[in-house]
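Notes for the one structure printed next.
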Amino acid sequence: MLRFLGKRLLQVIPILILVSIFIFLFVHMIPGDPARLVAGEDATIEDVELVRKELGLDKPITEQYVTYMKNLFRGDFGTSLKTNRSVSYEIGERFMPTFWLTVWSMLWAVAAGLLIGVISATKRNKWQDYLGMFGAVSGLSLPSFWLGLMLIQLFAVTLGWLPSGGMDSWKSYILPAFTLGTGVAAVVARFTRSSLMDVLKEDYIRTGRSKGLNERRITWGHGLRNAMIPVVTMTGLQFGFLLGGSVVIESVFSWPGLGKLLIDSVAYRDYPVIQGEMLIFALEFILINLVVDLLYGILNPQIRYE
Amino acid sequence: MVDLKVSNKEAYYQQTLENTPSKTPFAEFWRKFKKQKLAFVSFFFVVFLILMAFIGPFITPYDITEPDYENVLSGPSAKHWAGTDAYGRDIFSRVLAGTQISLYVGLTSVLLGAIGGTFLGIVAGYYGKRIDSLIMRMCDVLLAFPGILLAIGIIAILGPGLGNVIIAVAIFSVPMFARIVRSSTLAVKSTLYIEATKSIGTRPKRIIWKHIFPGTVSSIIVYFTMRIGSAILTAASLSFLGLGAQPPSPEWGAMLSGGRDYLNIAPHVTIFPGIAIFVTVLAFNLLGDGLRDALDPKIKE
Amino acid sequence: MEEKVLQVRNLQTHFTSDSGTVKAVDGVSFEVGKGETLGIVGESGSGKSVTSLSIMRLLKDTPGKIAGGEILYEGTDLTTLSEREMRKIRGNDIAMIFQEPMTSLNPVYKIGRQLEESIILHMKASKKAARERSVQMLKAVGISRPEKIVHEFPHQLSGGMRQRVMIAMAMACNPKVLIADEPTTALDVTIQAQILELMKSLTTTTDTAILLITHDLGVVAEMCDRVVVMYGGRAVEESDVVSIFTNPKHPYTQGLLESIPKIGERVDRLQSIPGNVPIPSHMPMGCKFAPRCPHAMDICWEKEPSFDKVTTNHSVRCWLHEEVPQDESDLVGSSER
Amino acid sequence: MKKTVGWLSALAMVLVLMLAGCSDSGKEGSTAEKGGDGKKAVKEGKDLTIAVADNFTTLDPHDTNDTLSNSAEKTMMEGLLGFDEKMNVVPLLAEEYEASDDATEFTFKLREGVKFHDGTPFNAEAVKVNFDRLADPDSGLKRHSLFALIQSTEVLSDYEVKFTLSEPFGAMINTFAHPAALIHSPKALEEYGKDVGKHPVGTGPFKFVEWKPSEGLKIEKNPDYWKKGYPKVDAITFKPVSENGSRIAMLQTGEADFIYPVPTEQVEGVNGKNGVEVDSEPSIVVRYMAMNTMKEPYNDVKVRQALNYAINKDAFLKVVMNGQGEKLDSVIAPDVQFYSQQELYEFDLEKAKELLKEAGVKEGLKAKLWGGNSSSTVKAMEFLQQQLAAVGITVEVVPMESGTLSDKIWSVQNPEDAELELYYGGWSPSTGDADWGIRPLVGGKEAFPPNSYNVSYYDNEEVNKLISAGLQTADENARADAYEKAQKLIWDDAPWVFLSADNTLAGKKNYLKGVYLLPDGSLSVSEAEIE
């Protein structure tokens, strides 16, 4: 088990190096001059050149990459071109808002998705199933930015029940978490349904029934426990995606998170921040996959870690 | 249940044969598909949408680009069913004409993605080994890459415009198609008769086209349909972020993006294109679900 | 007459689909007494498994439904019980073992937990008592180191071991009836015998009645007191085990017997019954076996024979043994061959 | 089948309900329009929340190039001079100033008895430290270029300081009033060095408390402020809220007391409702469509004038600016120093067509119009597209993401190679002086990209001369004369289609007084007061 963990964590390093090269190249390929953007529209060429020198952008790209990687190995993600603060500070500031928003979105989405999925699977082809699946497909089909805007209009502006944006109290989480979770809930519901339907055809379910277990016990105890295995992978993947910060939702709800940071950094071609964020995403993704694999082992005893 | 009135063996088998309706794959599919009621309705809705895409621009009650500055942002009325936008253009007409764009973006981007993904998936699955892992790792990277950054990058490199939006959205679709096609390729490949064909010495290209590709078609069709919905959504999101269609094209996402500034004085500008996106995506998703249930041999009654 | 634990009377189980109703079980009747073993024999599609599922009322996930008849367990008609009452019977009074030991245990739970589940449920035992009982049962089915096995997962056991666990599980609550649906089909021949032996010894001590569903006449010969032969959803022959083997009346039973290779006999070609089991939706109007029957007569195509006693202990559903307004003697002769 | 219909109709119901909810508010808006509810909103406490459109980039004014961050800095720091609400230069930390006639020497007499928030006294030495920092070319400060001309800063006495420029620069007084010239506590500069942008210490009415990108900026009252009786509120929180709708909603729900900017589209909808007032004041922001004067057919002045005639500025104001602005009648806005009004190109389609014909431009001219991709910019470009269609010019609107756009504009090394045809943009001369409103945009070759922002590649010898004449002297009359002539010439040459001068738009609760936007779009809160 420990060896497995160690091995997996070691694999992270080459992946991160690959990602860093890929991102570095991709980001520099996008047209746009950060010196110009940082200096501002009314800057003179002298200002721009000054900024370029200050930011070290006058050096050849290979040298920039080498410097960047050197610093990276020392745990230094560099300094934001736009704000002059360290990238780790910029990301650190935005990580928690995105993290908590993700956690709350996932919590309700997974709970609702599981419930809908289980009901639909057990009431197959009955009205509950049709309603549940129609709801789930609707959740997938709603443009999230539109949903967000409509919810703001309804709950914040017309009714005045909830704040429309920002992150001040627990109330601020409700609308963005709902909007962000809708798609996830839909995916979880569909996945749970099909997975559980497959599981409920298994022989051991019949065994359970022949033992005199009631349906609740069969579904939630024997069925869901097995059906969860694929659902967990998918949920982990979704969690990883959300942790990256949703650009659209964060901008609709003025959420001070990573998605907003990314789009701002892209607008300014703030290379160190973009690169730093991408590395964090990659790392998160790998870690989440690892956690998912570990969960797999807990859920599915047939898997053993070598 | 039919009780067969026969008097000897030959007659019995004869009757059995006659009474078993000869089910072609299509008839079988159609029978199963008809049972998916939501999907069945969606199918007709999609047909209707496609029809609208062709005739929509010709039957709009108003010119979709002609401004009317005297009549801006008026709410829904008998004259303008869905009201007018910031330039006084009829929103109903624009939504109607926009069907073509959304379907065009959705279909072509997924088609491109499907072609690319199918090719990569078949190659990866058929040749295996190095090529396989190379292609699949590429797909993983593409999947893990935040889509928005990718889109911004692609559009920044290629320039704005609908064509490049299609390319950006198509690239999103490639890895998923590749994965799906690869796994069905592996499944088809492992069946004996392909082994047999291979030993006869048929060329790989022929094996792929004659044997592997047909085996993957049904999963491609299903995913294709399901993907159209999300492609339309992605394109709308890009337009919403200002990276999509160029004015004055009545792309729904662009209409919505333009309307959000008027949300509390003229919500209809945002609501109607939003509903159009929702209903269209919903129809494709439901249709995709129905196709999957009807085509997937795993799902039995 | 000795009291019968389980009596099935004129059971009708129908499957509904788009193309109409299929009578998967059509008027089957039999009885099992305490400590008695009844074999139900037939090819796949003959309705024998559906019969067992009907008794357990486990048709929930199939389009099947009990359409008529009675299933009397100690005088109670199971077909009229509510689902809740039925759950008290399942696993407690009537237990079941399935064909596939590899898939019949839940892969994510430990053996102990799966055993204890029904013990806690039906015997109202504490967790600790249930654990003791599980270990005891595992020991009883011949598993060494049962204390260790309870902590293992199904995938860590061999097929034979798993079937032993299944038997332990089924027998844990001292059921009066044990339904075993092809319990040995998926096992190695060597293990088959052990498992059968185990079942027999366990049930003798508890006086449990066994309903053994199988297509294997060898198993029947070894285990059963009485035999019901099913074909096309109907019982075609019923008798004590000796009569079936020595004096089979129905051409189908005869066919089945001929298809077993006999030890010491040199066989050029293994006999098998020509033709296929009829498609359930296209049953012939008369005798269901007529299309495959070597002795089919005109009447066989027209009218279905009734299930009649030929001796006190032996019933058969065949025109050959029916009082027909025809010359029967040469027909009987022809059945001998 | 029946079921399906049921679900679909249920869905339709939900949508209709949502619609009803939304259009309700629409109706409310229209009643408010007629008279408003006139109710006074009530505020508890003396803490203000101000929602702004973006994050602050830094709190070091010397290194700031966005008006928004300047606004925040101005709450905590002050300069020698400042601007009043009409963009006139007024003394702040300086009591009076003198300029030599050749605009090379500037002497300031400082206010006495002023202390920085950290207790350091404000004096000539503090001023010298700050301007030495700004004038140092190695400082890497973004605002160095504004002060690069300063050759020396001399401390004449404790409260007297003299600046000497390396060459005459008539607009220098306005530069001193620019937010870039705010003064740090010398102690803070020494202590924090480059990090002073995270620890601003000034003499202003508010003291720095905390600044986090996620929660915004918090400042509190400076009880020792030199201007007696101010400030009148205890604390202010600035929150970055980029989505327009969210910002508006925050004001309506009372989560914010003051917001800016208010998108022009929303003014009608929110003004007079929920105790909200929208302040709409002229700004120095100009909107224009630049034409590349080196490219066919825009190298013909007739074509450029024709385009000016072809666009209905009234409709532009109504549709694009929602009435929040004025027609632009010079290359700079009225509140910019030395502005002189020109005769409008009145909307006249016939004249436009005639001029185009004279210039030999045929129907069906195709043009590309570049601009940003914000919804308001796209809206303006779409309007221009519609208008130019009427004179037979087919415009392709090309909205570009900021980085791409700047690359397209500034990566041009050779003016002849410029791809740019038409460009829609805006400009706000942050010094409030005519020079910065004219020179970077139409100031001849010197200002061609990539040097500066002359995207119309306009190069008129006479104009160039007048521009430098305006800088050679500090004599107001001489400067006014030069700029008047320059504006006339530029207007007639029409390198732009002159569109509008924006209004600044801020929304506030009606209990709030003394918070306002300056014509340059920066915010003033020093006189904030709750009624």
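Points to keep in mind about this one:
We call the chains A, B, C and D, going by the order they appear; numbering starts again at 1 in every chain.
To be clear about the criterion, a residue touches a chain if its C-beta (ideal position, glycine included) is under 8 Å from a C-beta of that chain, and two chains touch if they have at least 3 such contacts.
All of these numbers come straight from a predicted model, not from anything done at the bench.
The greater number of contacting C-beta pairs, out of the two interfaces A-B and A-D, is seen for A-D. Chain-level centrality, scored on Cα centres against the all-protein Cα centre, points to A.
Distance from the chain A centre to the chain B centre is 24 Å, each centre being the mean of its Cα atoms. Inter-chain spacing, taken between the CA centroids of chain B and chain C, is 50 Å. Measuring from the averaged C-alpha position of chain A to that of chain D gives a distance of 37 Å. Chain D has its Cα centroid 45 Å from the Cα centroid of chain B.
Touching two or more other chains at once are residues 30-32, 130, 134, 138, 149-150, 152-153, 157, 251, 266 of chain A. Counting partner chains per residue, chain B has residues 37-38, 152, 156, 260, 263-264, 267, 271 touching two or more of them. Shared interface positions of chain D, defined as residues touching 2 or more other chains, are 3-4, 7, 18, 22, 25, 245, 401, 403-404.
Taken in their complex, chain A has these residues touching chain C: 200-204, 206-214, 222, 225-226, 299-302. Across the interface of their complex, chain D is touched by residues 37-38, 40-41, 65, 67, 69, 72, 75, 86-87, 152, 155-156, 159-161, 242-243, 246-248, 257-258, 260-268, 271, 275 of chain B. Within the complex formed with chain A, the residues of chain D that make contact are 3-4, 7, 11, 18, 21-22, 24-25, 55, 57-58, 63, 65-66, 137, 140, 142, 144-145, 148, 194, 197-198, 212-215, 239-243, 245-247, 249-250, 252-253, 255, 401-404, 406-408, 410-411, 427-430, 436, 440, 450-453. Taken together, the chain B residues at the contact with chain A in this complex read 37-38, 141, 144, 146, 148-149, 152-153, 156-157, 229-230, 233, 236-237, 240-241, 253, 256, 260, 263-264, 267, 270-271, 274, 277-278, 281-282, 285-286, 289.
Taken in their complex, chain A has these residues touching chain B: 19, 22, 26-27, 29-32, 130, 133-134, 137-138, 140-146, 149-150, 152-153, 157, 240, 244, 247-248, 251, 259, 262-263, 266, 274, 278, 281-282, 285.
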